[in-house]
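To start, the structure itself, in structure tokens.
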Amino acid sequence: MYVAKSPLSDADQKTVSEALQGALVDLVDLSLVAKQVHWNVIGPRFRSVHLQLDEVVDTARQHSDTVAERASTLGVSPDGRAATVAQSSGIGKVSEGWIKDSDAIGVLVDALGAVITRFRERIDATGEADPVSQDIFIGITADLEKHHWMFQAENG
Amino acid sequence: MYVAKSPLSDADQKTVSEALQGALVDLVDLSLVAKQVHWNVIGPRFRSVHLQLDEVVDTARQHSDTVAERASTLGVSPDGRAATVAQSSGIGKVSEGWIKDSDAIGVLVDALGAVITRFRERIDATGEADPVSQDIFIGITADLEKHHWMFQAENG
Amino acid sequence: MYVAKSPLSDADQKTVSEALQGALVDLVDLSLVAKQVHWNVIGPRFRSVHLQLDEVVDTARQHSDTVAERASTLGVSPDGRAATVAQSSGIGKVSEGWIKDSDAIGVLVDALGAVITRFRERIDATGEADPVSQDIFIGITADLEKHHWMFQAENG
Amino acid sequence: MYVAKSPLSDADQKTVSEALQGALVDLVDLSLVAKQVHWNVIGPRFRSVHLQLDEVVDTARQHSDTVAERASTLGVSPDGRAATVAQSSGIGKVSEGWIKDSDAIGVLVDALGAVITRFRERIDATGEADPVSQDIFIGITADLEKHHWMFQAENG
Amino acid sequence: MYVAKSPLSDADQKTVSEALQGALVDLVDLSLVAKQVHWNVIGPRFRSVHLQLDEVVDTARQHSDTVAERASTLGVSPDGRAATVAQSSGIGKVSEGWIKDSDAIGVLVDALGAVITRFRERIDATGEADPVSQDIFIGITADLEKHHWMFQAENG
Amino acid sequence: MYVAKSPLSDADQKTVSEALQGALVDLVDLSLVAKQVHWNVIGPRFRSVHLQLDEVVDTARQHSDTVAERASTLGVSPDGRAATVAQSSGIGKVSEGWIKDSDAIGVLVDALGAVITRFRERIDATGEADPVSQDIFIGITADLEKHHWMFQAENG
Amino acid sequence: MYVAKSPLSDADQKTVSEALQGALVDLVDLSLVAKQVHWNVIGPRFRSVHLQLDEVVDTARQHSDTVAERASTLGVSPDGRAATVAQSSGIGKVSEGWIKDSDAIGVLVDALGAVITRFRERIDATGEADPVSQDIFIGITADLEKHHWMFQAENG
Amino acid sequence: MYVAKSPLSDADQKTVSEALQGALVDLVDLSLVAKQVHWNVIGPRFRSVHLQLDEVVDTARQHSDTVAERASTLGVSPDGRAATVAQSSGIGKVSEGWIKDSDAIGVLVDALGAVITRFRERIDATGEADPVSQDIFIGITADLEKHHWMFQAENG
Amino acid sequence: MYVAKSPLSDADQKTVSEALQGALVDLVDLSLVAKQVHWNVIGPRFRSVHLQLDEVVDTARQHSDTVAERASTLGVSPDGRAATVAQSSGIGKVSEGWIKDSDAIGVLVDALGAVITRFRERIDATGEADPVSQDIFIGITADLEKHHWMFQAENG
Amino acid sequence: MYVAKSPLSDADQKTVSEALQGALVDLVDLSLVAKQVHWNVIGPRFRSVHLQLDEVVDTARQHSDTVAERASTLGVSPDGRAATVAQSSGIGKVSEGWIKDSDAIGVLVDALGAVITRFRERIDATGEADPVSQDIFIGITADLEKHHWMFQAENG
Amino acid sequence: MYVAKSPLSDADQKTVSEALQGALVDLVDLSLVAKQVHWNVIGPRFRSVHLQLDEVVDTARQHSDTVAERASTLGVSPDGRAATVAQSSGIGKVSEGWIKDSDAIGVLVDALGAVITRFRERIDATGEADPVSQDIFIGITADLEKHHWMFQAENG
Amino acid sequence: MYVAKSPLSDADQKTVSEALQGALVDLVDLSLVAKQVHWNVIGPRFRSVHLQLDEVVDTARQHSDTVAERASTLGVSPDGRAATVAQSSGIGKVSEGWIKDSDAIGVLVDALGAVITRFRERIDATGEADPVSQDIFIGITADLEKHHWMFQAENG
């Protein structure tokens, strides 16, 4: 049976792998939610929001790959399957159908806010256990918070 | 309430929108399945399969955007949310954990095979109703079948 | 006298060449109308609409070249001169002077709608006569309908 | 009603706006004429002339955008619609149908010659009124005269 | 023994695979013929024809790859070996030695004409059997006919 | 002591160097003001204005370098230090804190308007003294006036 | 009134926002100082120092944008106006006029040294309050210290 | 009759032209053989061999152009037609149908080995007659031998 | 004598400089070892491993430059000479001659494992002394551990 | 006999053509002189001066093409042959052999100074006769004077 | 006095330096002659010859730099000044004024022929003395002879 | 046991493989020495020498790969391990610590001089045995001697 060599103790490994798996699910769902709104948004700000959402998708896809491969690097099998994402994502369910642009911005402010809170917890949880994973969480959080600001500013 | 002007009759609209929604779910799930295997594959052919899977991901992501926006174009709200994908995808569930490279290839042969069968049906169903959507399905099928060949050839 | 060899029968040639000439005029006019609004639009959404219109111009210019050269390929001289465009375009006349951004969007929804209707007819008319030209019309229609959706969504 | 702030006096504004509107029409028509010949040219030099004409199209399209946006910048609504171009262009009407390559070169020598004469007049007319617009006319004239030389040299 | 899963019935498979194998041979030979003339052309139009032929080579090489891989995709082994090409190409034999530029253009007009006729037959033959392969033939035919026009126009 | 050779007479040198120094201060301040608003803008048009402002920053930074190096070229030491900019800029003080998008547009309309007036004066002042510097001022003015139009059109 | 949601406590918010505002002012001034010397340096090493300074400008401009947007992200309005920079920068005043290349290097060694000292303090101050901002300060400090080394080495 | 001026004596011309014609045939056939295997290879190493073969195709196509144009440069008409290649290639016939990856590697080891032997003879034969052509053969041999190593190493 | 100004205390300086010098030697040796195996690997997976190793070389070369210049930045002369590397590298000696691909993977698993252990120690050692250097070590470790995973997965 | 149509009167034509021919000779010689020094410079500043000179060469080559083609555009045959350049250049003869870096800078200061003086005269002479050519001279002078400053600053 | 260390004996040095100086003069003159004809060519093939000549200019400029720097590398001061080129070039004087396209081709056939003859002698002369310089001459000759073929073929 | 097929006789193989192994060691060491000085150089010319050395590193790394793979191509295992380099390099030991810029140039003049002497011997030794390898040595020597000139010129 395949066992990759982890540089971490068992306890640290457990802490970090839970954080990474949680991050993976959040980021995959963020990419799906952002695409869902990208396709369904309507209203005067359609074009602006439509384009802005693809930048969120890019961020979410790139970082989901990073955290999944970080899990594999630590010898932990990552799980980014649709059912897993549907069950354990930190983002509330997005309603179906067309979305007014102002509502779309609200959906993203909430989704990003929920994910950021969980990422902040992951930063706190992993600093002792694995500064390498923590540094990855810090970098992702910086990007997510920047997106969060921009959507909030549009409601300003 | 928002109603985009569709160039199709109601009956054709129904036929085509079901085909597009089905295609969207299949392609989003294909992108998630291919990423799942991309992260979990092990074995002597790891690197080759790992890289090959990202090409499937690129194909699936690009075409899922095309079919979702085609639905919006016809005035039909597309649904690519995680729960929808988990419930209605045409791809069988991928088991969790590490996957031997030869098994990984089998997973993709099966997943692509299942999706292709459904796309062939969509080509047949939509030719009369909307040749523009049919042409999109034909182009996607060509790409999926090419990936299918390559994974089969690796088992040859 | 120059006669290029056409792969089509005389009847098919006539059908297809009328479709191509009509498409050429519509697309040249679409490029001129989109530029006219690009220069004259005002209002809070100026920048967004201004940029969006140049994407319509790119689509229209690229496809007008394709249909004109397709006509030449079939041995039919294409006519894209200003007077011809002014007389036979399928797009209603755009009024002169500054255009409010919401009106600008309406102008494009109408212009694209008119052109799309005629392109759908060309797809139907040419399938038997020349599947190569039909395939070109299908591809152009896909692009035009996507632009149409986006402008409609902005009114959503 | 929308009034953009012009840095010019009323008299200068009138002088410059007439020059810009005239330049716009000439350049749009030049782009349409050059495309018309690009599609209809035949003869041993077909390929060379076909490619050369697309360089004229690029020049004409780029500069037509510049002069139209310069008009908007001065608070004057530009008019580049097909009917306006057909009525007020400084270029003589191009005959329909195939054009021998040597005739094609003659058409361009004449069209460029006519446009250049009018641009030289615009340079003279606008120097006092608005050196910024004059500088734009000077730069465009340099490009048009270079194209003019090349077509003349081909008749040399 | 290796058997790739084909989405086609046996009869359709036979129809399509013959069309693909024929297309492969024609396109490989077209690439060789165009290179042969590219190297042997002489006369005042040497440079223009020399460059134009490399564009034909690019088209032929790219599409030969597409049809060969399409055959593999359907589970049919493609054959593009020199002897096969020499025996079954649809292009008449090109004579050895230097070729005057006007003769070179004639060689290409004939070669492209012969290949186009066979591609038109393939479009007709495969529409029922496999719309995916048909769509590939349609796209290739559009490119070949465009090249055909350009060489004819040079004789105009 | 370092003295670069100037091609101008002493009187002309004085005229031109004052114009260049003034232009430098205006352009550096314009870049700082545009960045300030870029960071502080809020409201529905946040994203559009945020992006538009970075294009003003690019224009201002690039041209400030041009005028400063032009001063050095004429043997005059340019001064673009923060205190100098704060004291002698032609742009009125921007208030601190968040700025509503419509106010942000007003700030830019005013700032660009003030700078343009001074640049127009520099064009007049330097034509006799140094046509090379004048030509630089003309080119910068064209860019500034184009930005000015766009912000005005957004208030249209 | 606009209030963006900050992930930090009030005390942490205050600590971090002071650090970010200070960093913004230092970096904007560094970009102005480096440009000032870029334009005024003379002496045998002119070209080398002139080019090297633009790399400092790039670093300072890029990072000033990062810290200003980080402030906005935390709900704190950043202030990078010329007067603010002139009053609160950590860099000593640069004297006006031409600067010998060896003196120019000394100016940069001092300016970078002063800024680095303050950044080191910001790293210490913010680690507890906001590891995301701290990580940004660490990255900037690495770049500033590398520039510092290079100017020192030139005095070596 | 067309005679290009050769810098070589008649005897040297004969030696070099035979070498170039032989090289041309070998390289064209190598490109066809490598493509044939590229399409027909199966087995676990499919993807790796498939990609590797396209690098051989690139090498062979690029160098076949070089040697053919070198022949033309020396006034000798090159012959790269399919029948000529089929008759005089130095590469043994490749069998039709699917090829196991390990056999594919063997085919390339043999094909490259046969071509290299003949190129080594051409290097020896042409050094006196034409050092320019010899230098071309040396460069091509370096590339072919590098490919040869890589395929041998895969059997190692 | 040259003394660069270090922002660190003497004790911290000593701690960090030892860590940087050790990292430099490890990374230079890793680049040499990876190249050695890149050239000497044989076996069915030759191509895959050969390419993978150059990615390790890129990582090692880029990071060796970073740590060496970080040492210089802190005023410590780095030593990356061959003899120093040969004596103090943390990687065990690689045997000479050809290396089977499976052995090659083992060599890299061991080499990367040894280097990672030492980098983890450097992260621990430098956090207090210099968070800037620690951040560099964290980033390098992330890259090394990712490579480590991939080679382990190939043995999976 | 070939006569291109000039937009200028005979007197203006004479004035402008003399200015253009003089500019052509000066710029070709400047490119040759700068290359001569580029190859022969020695001394501690070798690398800096060597690179700087190639930027002068680029400027001189690009502008020599512009003025020569401007002459052709006006129907005047330009003369840039070596003997013409050797006889009528405005640059004093450069001595043969190695050149110390400080002397090299002096050579360029003198050469650029001489050419600039003549370009200033051309600006004055052509403003009435042909503002298009004058604008070209103004643009070239700006570039030459910038190079002049840089070489002077190196002596500062 | 500056003496660079040459790897050659005095006799070899003399042989090689004469060859390099001669090559430099020929190549600089070739670049000037090709530009002269580039500007002065007229006739139906104007565009084709005009573009082709700039490829000769590129070849000549690039190789003139190579041979001049090779001379410097061997410690020999190269001389590429206008007067030197005018006096010692191997290319016959080109007549002034407009040149018909067919004459232009003849001028290049002659110029390239003359230069090639001298390069062939340089290849023979330097093989023993310096194989490095000989290899440079061989590479340049290959390029010159290819250009020579193309111009000859245009007269074919 | 792995034996690659060499095109050389045993004696030639021995000659060439010794030359290649020697070249490999010299070039790897040159890359390490140039990096060592790149990091440790100080003095007024720091930046110029620092950048120049990275060009030497690029040359040395690229060519070391070429000679190592050439050895593998001939069936000879190359050895570029640190200990081998430390023991058998042709470059004298570089002293540790900071290096004044003028000394740095001296180090490179000596290192390059030593390596060039050995490469010249390899050119002589391998011409008969393997002209392909000899051609590689000739090309490398040209690059090394050019670097050698530049460092010498800086001492001129």
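In order of appearance the chains are A, B, C, D, E, F, G, H, I, J, K and L, and numbering begins at 1 in each one.
We take it that contacts are C-beta pairs under 8 Å (C-beta built on N, C-alpha and C of every residue); 3 or more make two chains touch, one makes a residue touch a chain.
Which chain is which protein? Per UniProt: A, B, C, D, E, F, G, H, I, J, K, L = DNA starvation/stationary phase protection protein.
What you are looking at is a predicted structure, and each value in this text was computed from that prediction instead of being measured.
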Could you work out which pair in D-F, A-F or A-C copies the interface of A-I, where over half of the contact pairs coincide by residue number?
-> D-F
Centre-to-centre distance between chain I and chain D (centres being mean Cα positions), rounded to whole Å | 62
Find the geometric centre of each of chain H and chain K from their Cα atoms only, then give the gap between the two centres in Å, rounded to an integer.
-> 31
What is the distance in Å between the mean C-alpha positions of chain B and chain L?
-> 53
Just how far, in Å, is the C-alpha centre of chain G from the one of chain F?
-> 23
In chain I, which residues are in touch with two or more of the other chains?
-> 2, 42, 45, 48, 69, 72, 98, 135, 153, 156
Chain-chain contacts, ordered by label, are A-B, A-C, A-F, A-G, A-I, B-C, B-E, B-H, B-I, C-D, C-E, C-F, D-E, D-F, D-J, D-K, E-H, E-K, F-G, F-J, G-I, G-J, G-L, H-I, H-K, H-L, I-L, J-K, J-L, K-L
Spell out the part of chain I that touches chain B in their complex, as residue ranges.
-> 45, 48, 52, 102, 150, 153-156
Which chain I residues qualify as touching chain H in the complex?
-> 41-48, 50, 98, 100
Interface with chain L, chain K side, in the complex: residues 2, 4-5, 7, 69-70, 72-74, 131-132, 135-136
Write out the stretch or stretches of chain E touching chain C in their complex.
-> 113, 116-117, 120, 123, 127, 134-135, 138-139, 141-142, 145-146, 148-149, 152-153, 156
Residues on chain L engaged by chain I in the complex (per definition of touch) | 2, 28-29, 32-33, 35-36, 39-40, 42, 61, 64-65, 68-69, 71-72, 77-83, 85-86, 89, 93-94, 96-98
